[in-house]
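Here the chain labels run A, B, C and D in written order, and each chain numbers its own residues starting at 1.
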Amino acid sequence: MFQTIVPLFVDALANAALIFFVAFGLTLVFSVLRILNVAHGSFYSIGAYVSASIGLWIVSAGLNPWLTFPALLVSAALVAALFGPLIERTLVQWTYGRGEAVQILMTFGLFLILEDLQRLVFGVSSYYEDTPVALLGSIEIGGIIYLNYQLLLIALAVVALVAMRVFIGHTRMGRLLAVVVADREISEALGIDTRRMFTIAFTLGIFLAALGGALATPTAGVAPGLGADTMVLAFAVAAIGGLGQVEGAALAAVIVAAARVLAIYLFPALDAVAPYLVMLIVLLVRPYGLFGKPAIRRI
Amino acid sequence: MRKPIPLLVAALALLLLVPVAFPHLKFVITLAVAKGFAALGVALLLRGGLISLGHAMYFAIGAYATAFLGSKAGVSDLVLLLVASTAVAALAGLVFGAFLVRYRAIFFAMLNLAVSMVIFALTSKLYGITGGTDGLRVAVPTVLGWAPGKAAFDGFLFYLCILLMVVLGWLVHRYLQSPLGHALSAIHTNEVRLEYLGVSAWQTLLTSYTISAALAGLGGALAAMSIGHVLPEFAFWTESGHLVLTAVLGGIGGVAGAFIGSVFLEILHTVAVGVAAEAWNLIIGLALICVIFFLPRGIYGLIEARRGSTKETGL
Amino acid sequence: MPKPKFRLAMTAAAAAALMTGAGWAQDKPARLDLGVFTFLSGPSAAYGLPGKQGAELMIERINAQGGIGGVPVSATYVDEAQGAEGVIAEYRRLAEGGRAQAMIAALSSGNCLALSPLADQLKMPTIGWNCDTHQLFLKDQPDYFYRPNGNTIAEFMAYTLYFLQQHPEVKRVAIINPDYAFGHDAAEIVKATLKAVRPEVEIVAELYPKLGASTYQTEISRLSAARPDVVFSNLWGGDLENFVRQAGPRGLFRQSAVVLALGETVMQRVDLPEGTIVGVLGDGWWMSPDARTIGEAEPFAAAYREKYGSDPVFPTIKMANSLIVLKAAYEKAISDNDGAWPDREQVVAALEGLSVQTLTGTTTFRDDNDGVVDQVIGTVGRAEGVDRPVMTGMVRYDGEALLAPVGQDPIAWIGTLTPDFLADLPRPGSYN
Amino acid sequence: MTSNSASAQPLLRAEDLAISFGAIKAADGVDFALQRNEFVAIIGPNGAGKTTFLNLVTGYLKPHRGNVWLDGRPITRMAPRRISRQGIARAFQIPQLFTDHSLIDNLMLAIAAREGIWQGLTPLNRRAYRDEAMEVLELLGLAADAETMTGTLPEGLRKLADITLAFALNPKLLVLDEPTSGVSSIERFRIMETLMNAMRRRGLSALFVEHDMEVVQKYADRVVVWNAGHVMAEGTPAEVMSNPEVLESVVGVV
């Protein structure tokens, strides 16, 4: 029993950690800006490309290989700093108050542009940079060899979740964000600079997506098409958790990952269907996600 | 409210000349019109204020129905195939729609995406039934007993598509002018009032959702015959995104918009191939954003005669 | 195993073409335009680009020798990563727009299945340079679609037989293949072969990750948990690279013997552990004894290295061989046409039953348009004087022997084989 | 509009109606009756539950307890569209219009809705509907604005336009939520005059929430005073206005 359950468990958590960051970012942006960013997955792949490029450069320049670890974080920050304020201040801001269709279309247009920009900048062949995996080595759990890096990822996901709680609950900016999430009108009436909050939240969302991509690179290849695939997965996770619900996203990531892992172990033919099947089942029972609530219109 | 009828007729006449003037555009236009049906379906829902990020699934369902009926059920007649495939897509639309049209805004978009991704994943994973990512082949159908060669069939299909476009376009136009059609756009502007007038928004939307699924399914069936092959990627979410893009680019103000958008995009694609194959998505992405910024009524809005009061589409 | 007879025929045809060259200047087009279909982007480009480069170089070399029948060759490259719909649209655009007189298409089995009926409909001579699925000619017999580089039946029977020869004690086999015709076909053939010649072998896991998956960590866990003696895979391109890089640190290569059907393509890019069984899907190994005997692969590889900075891999060779086949067909058609430039039907007629010496061996078209080639397989190992891993313990199976007779269901045919079949084959290491 | 057989019972009756939002009891066992041809005003301080009562009667909210009857037939927990079809039409505090449609299109849609929205491919814009719509517009003095997009109507006209939509349904009972709020005091009486004339000509009964005591005094047959989720007092305007308790809790606030 132990022999079969433990690997399932480790695999599910390792998978969950990989998709958690990007879903977390998507749901965060939605909770503050009320916008579903269709281009979100592209920032995941851009983060992956940038971190792989920096990692490859570190290795080829003969620098200390341990530098590849901070490089993961730095590349996510770079991507966020480069795209976050720019895109929010220009494209996204223009769509506020214009309805979901415009917002979805605008970000879909952005998605198309970013997909080709990646091709132009990074080319079309796969990138692979696994120095961090090699440095950390491996461990045997339940008779199966896992990468210590995978365990590190699980820990990082937990840390990120806790950090977010602390940020929201115990910092001034976090509290302001919480107010904006709770009631936009009231927060504006209170004199909170919501525009700045939007920029910050959007940038933070991009950072999380890019970080997800960066953290994934040591264990996965980066190639065109990654953004589109990641987008729907992040979307499924965010929807299952309830759009805008961070804890929901964490739980949903684990559920989706567990479903996928179970499928690979038991019904390999269904592995790609699993996340969406779970999403459909959850949404049939709870249309607004596990933690979500519908809004009632006043007349 | 004046419609640019002469312009549309002129455009249609130009289209009819395509097989003579530009034979290699025939396939492109056939495909464009087929996709135009799906874009029209999406545009219908946009009128009701609903954005579907999953409508490519009905296109795919129509296409797969054609492939299935042809290869597994031995149906080879074009009329039968088109009717049956459209019916299958409409039925799927009715069943999924009964659940989906309860939701609005982002949730509607999302749930459509969810269903379409299940369809996509199933078509690509059920290798034994759907051929997996290889898809299924579609043989050249017979037409009421006539068994044309591929070339003759392609020519026939082209004119059939144009004919269907005109006939169904007119029917959809009439539908939009009918009380039920007005009720659809009324849902967008004020659903509460509509309910207080005694009209069920659910029924109104479900009707339009089923029609839109049928249109997409018909488009899929036509595309399947034209391409000769069906594939899971027909149902991928980016295809759904492209359908919305086509509808908006063309303009959802009139029925012609969806087809204008579709033909425009396909021809542009043909022209741009070779010149900008690498940056094709970038170009249409930029075009889309420009249309959203500067042309809220789409290309159709450009050619449409000016009306007394300009109104926002209020997307 | 060069067959001198055909070589002679080829030389004769070429000579005839040269001699009559002046006579048909009127009908000759200024250029012979080809449509070349391969993966130029995405994970599959890791396999597709070497193919494209092979085409570029081969066309360059053909043109340097005066083109085909005096006509220079040029190519339009089409990216298969855009999906079959786009591929079909491009094929039609090229064919109906008169921008191609012949096609080299395609890489992916899925695309070949979609294009082969189109070749007939548009009467477009098409050389399937890489699509190996045996389903291609099972359903219908196109007149215009020819495949010179072998099919999945011979290929995957060969791998199975080879690993059974190398690891006679094998009891548990796991399969991880991409989720489309190529992957499923291969698994079916491997299983059928095992059932026929070694029925006691058990399949302990069968995984089909989607084509273009970026991570295989869970699949690797699953494979490890199944404790197979042999892991068989026909992943390819970026997928194969990802899999190898991810499976290495997780000990899969230490736990099991691994068979990578397309392993040769990544030998230059990733460290394949010694003992890994790799192959080239046919005979396209540019350093094989036959290739050395023929003597054209070496200069080709040198030019390739000069131009692209790495050694050719077997997709390069497959592509180059396909162009050689097309050239031979044209030259035969020209000579059959009394030196006049042939129309498409004549080119296709020339392909019928054609036998051509390629860079690495010989390909001979059967009645079903399938080209018979030998199968070369080896094991990753070290060779003296080479600083990187090479193929050792090689074998070259006769291609004819591994194919079902024309018209027979190949899987059923495999079922008729007996364990003796294995005993009669040449041994690993017999081809050096 | 009057039905003889049912004349014995009130047009609208509510019994023990209750709903609460969390700890707030917006309706707490309310009993209410409205007779045919009666014009009843509901007054009360903000948050007393007036609009909630309208929402309960018209089906926008479902009561946790209690029942509602129209013409003796139970309509409790019916959806708004079914209650509308039973004969209660509603106008809103914030006008609810199809802002992308012209005023006459709004009206024609309302008429089509009344006649049954499923009419195949016959166009909405047809002679019979147009004539009837113009009739309603003339009745309420909006004929001049027939072709105006309702989104661009001035606020006062938008209120009236909202009421015309209710009129077009030919209801038994009209439910109006603050028909004159957000309108200048001069216009207020003009709107009320038009409205009262139109209602008399159609023989309608009405239930309306109103803040303006002058309007209430001038037009209401009966006043129901609402406070903290229950009926605090009721009677003729004069009776109610002389009740000191009412004066303190309601009028003082206004």
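Just so it is clear, a contact is a pair of C-beta atoms (placed from the backbone, for glycine too) under 8 Å apart; a residue touches a chain by one contact, two chains touch by 3 or more.
What you see is a predicted model, and the numbers here were worked out from it, not measured in a lab.
S.K.: Sort out for me whether B-C or B-D is joined by the greater number of C-beta contact pairs.
M.R.: It is B-D, judged by the count of C-beta pairs in contact.
S.K.: By CA centroids, point me to the most central chain in this structure.
M.R.: So the chain sitting closest to the middle is B.
S.K.: For chain A, which other chain has the most distant CA centre?
M.R.: Of all the other chains, the one whose centre lies farthest from chain A is D.
S.K.: Would you mind pulling out the distance in Å between where the CA atoms of chain C average out and where those of chain D do?
M.R.: Each chain reduced to its C-alpha mean, chain C and chain D end up 79 Å apart.
S.K.: As a quick test, compute the distance in whole Å between the mean CA positions of chain B and chain D.
M.R.: 43
S.K.: How many angstrom lie between the CA centroids of chain A and chain C, rounded to a whole number?
M.R.: 40
S.K.: At least two partner chains per residue is the criterion; list those residues in chain B.
M.R.: Residues 124-125, 127, 192, 314 of chain B each touch two or more of the other chains.
S.K.: At least two other chains touched by the same residue of chain A: list those residues.
M.R.: Correct list: 119, 269, 271-272, 299.
S.K.: Among all residues of chain D, which ones touch two or more of the remaining chains?
M.R.: Answer for chain D, listing residues that touch two or more other chains: 60, 92, 96.
S.K.: Using the touch rule from the top, collect the residues of chain B that touch chain A in their complex.
M.R.: So the residues of chain B touching chain A come out as 46, 49, 51, 53, 99, 102-103, 105-107, 109-111, 113-115, 117-118, 120-122, 124-127, 192, 236-238, 241, 244-245, 248, 278-282, 284-286, 288-289, 292-293, 314-315.
S.K.: Can you list the chain A residues touching chain B in their complex?
M.R.: So the residues of chain A in touch with chain B come to 30, 36, 38, 91, 94, 98-102, 104-106, 108-113, 115-117, 119-120, 228, 231-232, 235-236, 239, 243, 269-273, 276-277, 279-280, 283-284, 287-288, 297, 299.
S.K.: Considering the complex alone, what residue numbers of chain C touch chain B?
M.R.: That would be residues 76, 79, 83-85, 88-90, 92-93, 96-98, 109-110, 113-114, 117-118, 121-122, 139, 179-181, 184, 208, 210-211 of chain C.
S.K.: Residue numbers of chain B touching chain C in their complex, please.
M.R.: Counting only chain B, the residues touching chain C are 23-24, 26-28, 31, 124-125, 127, 131-135, 137, 140, 149-151, 227-229, 231, 233-234, 270, 273-274, 277.
S.K.: Taking the complex as given, what residues does chain C use to touch chain A?
M.R.: 40-43, 45-46, 49, 81, 179, 205-210, 212, 214-215, 217-219, 221-222, 224-225, 238, 241-242, 245-246, 249-251
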